[in-house]
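Below: one structure in structure tokens.
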Amino acid sequence: MKLELRNNKDFWAGLVFAGTGAAAMFIARHYPFGTTLRMGPGYFPRVLGGILILFGIYVMARGLRSNEKIQGNWSLRALIVLPLSTVLFGVLMELAGFIPALAVLIFVSAASGREFKLKEVLLLTIFLGVLSVVMFVWGLGLPYPLIKGF
Amino acid sequence: MTKIKIVLLSAVILLAAGVANAQNYPTKPINMVVPFAPGGASDLVARIISPLLIKELGQQIIVDNRGGASGNIGVAYAARGTADGYALLLGNIGTMAINPALFPKFQVNPVRDFIAITQVVDAPTALVVHPSVPAKTVKEFIEYAKARPGKLNFGTAGPGSNGRLEMELFMDYTGTDLVHVPYKGGAGAAAIGLLSGEVQCGFQSLASVMTHVNAGKLKVLGVAARKRVKAVPDVPIMSEQGFESMKSGSWQGVYVPVGTPRPIVNRLFAVFTKVMADAEVTKRLNDNGVEVVTSKSPEEFAEFMKNENDKWAKVVKKVGVVGE
Amino acid sequence: MEIFNNLIFGFSVALSVQNLFYCFIGCFLGTLIGVLPGIGPLGTIAMLMPLTFSITPVGALIMLAGIYYGAQYGGSTTSILVNLPGETSSVITCIDGYQMARQGRAGPALAIAAYGSFFAGTTCTLLIALFGPPIAEMALKFASPEYFSLMMMGLIAAALLAPGDMVKSLAMVALGLLLGTVGTDVDSGWARFSFDIIELTDGIGFVVIAIGVFALGEIVANLGDPEERIIFTTKVGSLFPSKDDIRRSIAPIIRGTILGAFFGVLPGTGPAIASFSSYMVEKKVAADPSRFGHGAIEGVAGPESANNADAQCKFIPMLTLGIPASGTMALMLGALMIHGIAPGPTVMTQRPDLFWGLIVSMWIGNLMLVVLNLPLIGLWVSLLKVPYRMLFPAIMLFCCIGIYSLNNSPFELYLTAVFGLLGFLWMKLECSPVPLMLGFVLGPMMEENLRRAMLISRGNPMVFLTRPISLAFVIATVLIVIVMVVPAMRKRRGDITG
């Protein structure tokens, strides 16, 4: 049973729905509910949370019965690195400026792929860097400091 | 050289450098935070005045839009700026006078954390009504409203908007009872509600309703401004109709973080007042329904701001608006 | 006919060398903006506004308008090529457009998108010229009850027509509605689900979810499946749509235009609704709905036309009544006023050169855009041949810049990362994100209009039935439900007994 559950598509889908619904209802528990005729801010969130829980349970049960598997391979590295590189870009834009941010983004993103050729990535970084500066900072006038501290 | 002479010399150099700094100011681009997304009314003002500002200051002015959370995000960011004249804030009535009352837990207090330099503009707000309301003056409107408490609706851009608070002030003063109907999507959405007759009245920025007034689709009963506005010269201002405290609409002004040296504050004051007095700038602003209003000194603006803070704090407390 | 004279007059204004030049610049910039995710026409117009100070009002307006609908054209390009919605309204194009690209049919997809948009643009220009003011007047009859009933109808239809698994899609709609509640409640000022994070008090940006789920999620999935990745970047078929493509696209284009015009004229509808509706309608009337989601050209033709029609028709309430139907329109309004022109019923008589010049230049702009975009198709498609390992960092870069530029806020990037993870999760669990997006877009508007309608009617729910337009939508909704649910029920009963 345990092994089957690990890849059971609908089971997990249902669990995600039900879990989200429950979390929503829990977080919104103090929002004023109001009446049906004069709804408060808590009305919709809690009703929706409840609906999600119901749907979630249904899908979970269905998953246990039909047992369809999750398809396809996936790259754990990409899953972690790409969102991380997005976050890094944001952090670096504030701390270090446009050029460091984009350089790090390109490098880190490229590192999540299966092939990484240093020279290629360097060239790509320079090319994209110049292109971005021309288009965004000069062309559109976006107020991004190129390198902070200069 | 003896030790004393070295110390004295260093002190003199540092002092001179400090003074020179203020005199040389600015030597690099200046960042002006606009706490609203590009395209809004506040942003428009920034973009109209920046070309001339750049000329006067001789340095680039970067308009930095940081919108969100009713402007609080931009204000928080600006408060962290360096106190050397290179980090300006273009604040408005919402962010600098209303939000402190709405969001008491917010870590930035505009009166405490900024030095007010000067007011730059005022966008008059007007009491507008739908043609179905048979009132031609504010007085008639008050009578009409008193006769039907809880029946008339007024549209606003949200519970914390200055349109809503102005109406609350109005209701408090006149003893009328109107129902607040909020619209997401800002003043534009509320104006649509007015036009369709869904709401019968409201305080709207005069600029945004002028076209409808000219087309006869809406009526202006009174204008909240210092003096009568050219666009509607026959409409008396609110203070003429008994509302002493409604002498301004949606105003904007320039600020720097607290701790900025006095010489720089003075320099900025001089530059901004000069730019605002320019005929071209004035014309462009007027065409958008915005009046140029500048303060006589940074102290006068600070006083004005404090009065506004007190005024709106009272209204917020009475109404019990939920902030954060 | 007077219209004829007006149009000829308009041509004389629009065809001046100067104005043509401004039109071109606008269209060019607009296409560029549209191709880049996140940076929308609103931000661009705001930034370029000072530039227009030095040009004549007519020229300035023509240029700004060019940027605006140029962005619509450009937005579909990246949606089709790399599943990256460049504009809010091009999210729907991603669904079938991207699939077509994966099958090597990016060329036809881009071409049909351009043709459809051009048809829609031309039609709407005529519409504005002929019926502008009366249409705008009628649009004013829509108030909160009408908007709510309309959106309710849309939501229910969407839920019933959702691609793939119906139950999971309904759940995704609910999830989207729930995500839409994040933020400050407009009625009470109460901050919902904001966890004391100040940026969340405005809710989650649609672009953040769209890019996170579609673009990021797609890249992560691609990097995990090396075989599939190679296929779509090397096999590129013909650049031109086949006769079959064209035949299939005609009706969707017409329907899309009608839908887009309808939504464009109503001030209270947002972007994306037009294209969403068109997609749903096309799926419903198609002979073989199962093709949708796998590269059905109707899924590109309809929504793209609806998009463009919506964008053009948003000008109607702005020009003829002075009501901005969206943020961008409000900005245009501001731009006009800076130049001393107050749009409204009087503008047609007082400044006919402006009004008719703008209308004609809209059509010219559409023409220019088709001319600009069609040859570029070859360029874009060859971009696809770039090895993916170099392409995807570039995609990441443009996404990040785009999102950051919305509010100069790194927080939005963090949110995008989260939605990237979620998007991947949903893809693997086979929960389609499209119903979620629809719920997310419609939810807040529905809630707002519902509560406002109830507020104004002082708690009387009959208001939805007593107002004629609203009643019409309610009846339509009931009919849709009957038409969709009853055959399904009958079939199931048949399975049991037969």
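When the chains are written out, they are named A, B and C in that same order, and each has its own residue count from 1.
Here is the rule we use: a residue touches a chain if its C-beta (ideal position, glycine included) is under 8 Å from a C-beta of that chain, and two chains touch if they have at least 3 such contacts.
Since the model is a prediction, treat every value here as computed from it, not as a measurement.
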{"item": "Most widely separated chain from chain B, with each centre as the mean of CA atoms", "value": "A"}
{"item": "Chain centroid nearest the full-protein CA centroid", "value": "C"}
{"item": "Selected pair, greater C-beta contact count between B-C and A-B", "value": "B-C"}
{"item": "Where chain A and chain C are represented by their mean Cα positions, the distance between them in whole Å", "value": "22"}
{"item": "Centre distance in Å when chain A and chain B are each reduced to the mean of their C-alpha atoms", "value": "37"}
{"item": "Cα-centroid distance, chain B relative to chain C, in whole angstrom", "value": "34"}
{"item": "Set of chain B residues in contact with two or more other chains", "value": "64"}
{"item": "Overlap residues in chain A, where contacts from two or more other chains coincide", "value": "143"}
{"item": "Set of chain C residues in contact with two or more other chains", "value": "47, 187-188, 190, 408-409, 455"}
{"item": "Chain A residues touching chain B - in the complex, by the definition given at the top", "value": "143"}
{"item": "Contact footprint of chain B on chain C as seen in their complex", "value": "42-43, 45-47, 49-50, 53, 140-144, 184, 186-191, 194, 196, 198-199, 201-202, 267-268, 321-324, 327-328, 330-331, 334, 337-340, 342-346, 406-409, 444, 448, 452, 455-456"}
{"item": "Residue ranges of chain C touching chain A (in the complex, touch as defined)", "value": "32, 39, 44, 47-48, 167-168, 170-171, 174-175, 177-178, 181, 185, 187-188, 190, 192-193, 216, 219-221, 223-226, 388-390, 392-394, 396-397, 399-401, 404-405, 408-414, 416-418, 420-421, 424-425, 428-431, 443, 447, 450-451, 454-455, 459, 461"}
{"item": "List of chain A residues in touch with chain C within their complex", "value": "9-10, 12-13, 16-17, 20-21, 24, 27-28, 31-32, 37-41, 44-45, 48-49, 51-52, 55-56, 58-59, 62, 70-75, 77-79, 82-87, 89-91, 93-94, 101-102, 105-106, 109-110, 112-116, 120-121, 124, 128, 132, 135-136, 140-143"}
{"item": "Chain A-touching residues of chain B, taken from the complex the two chains share", "value": "31, 62-64"}
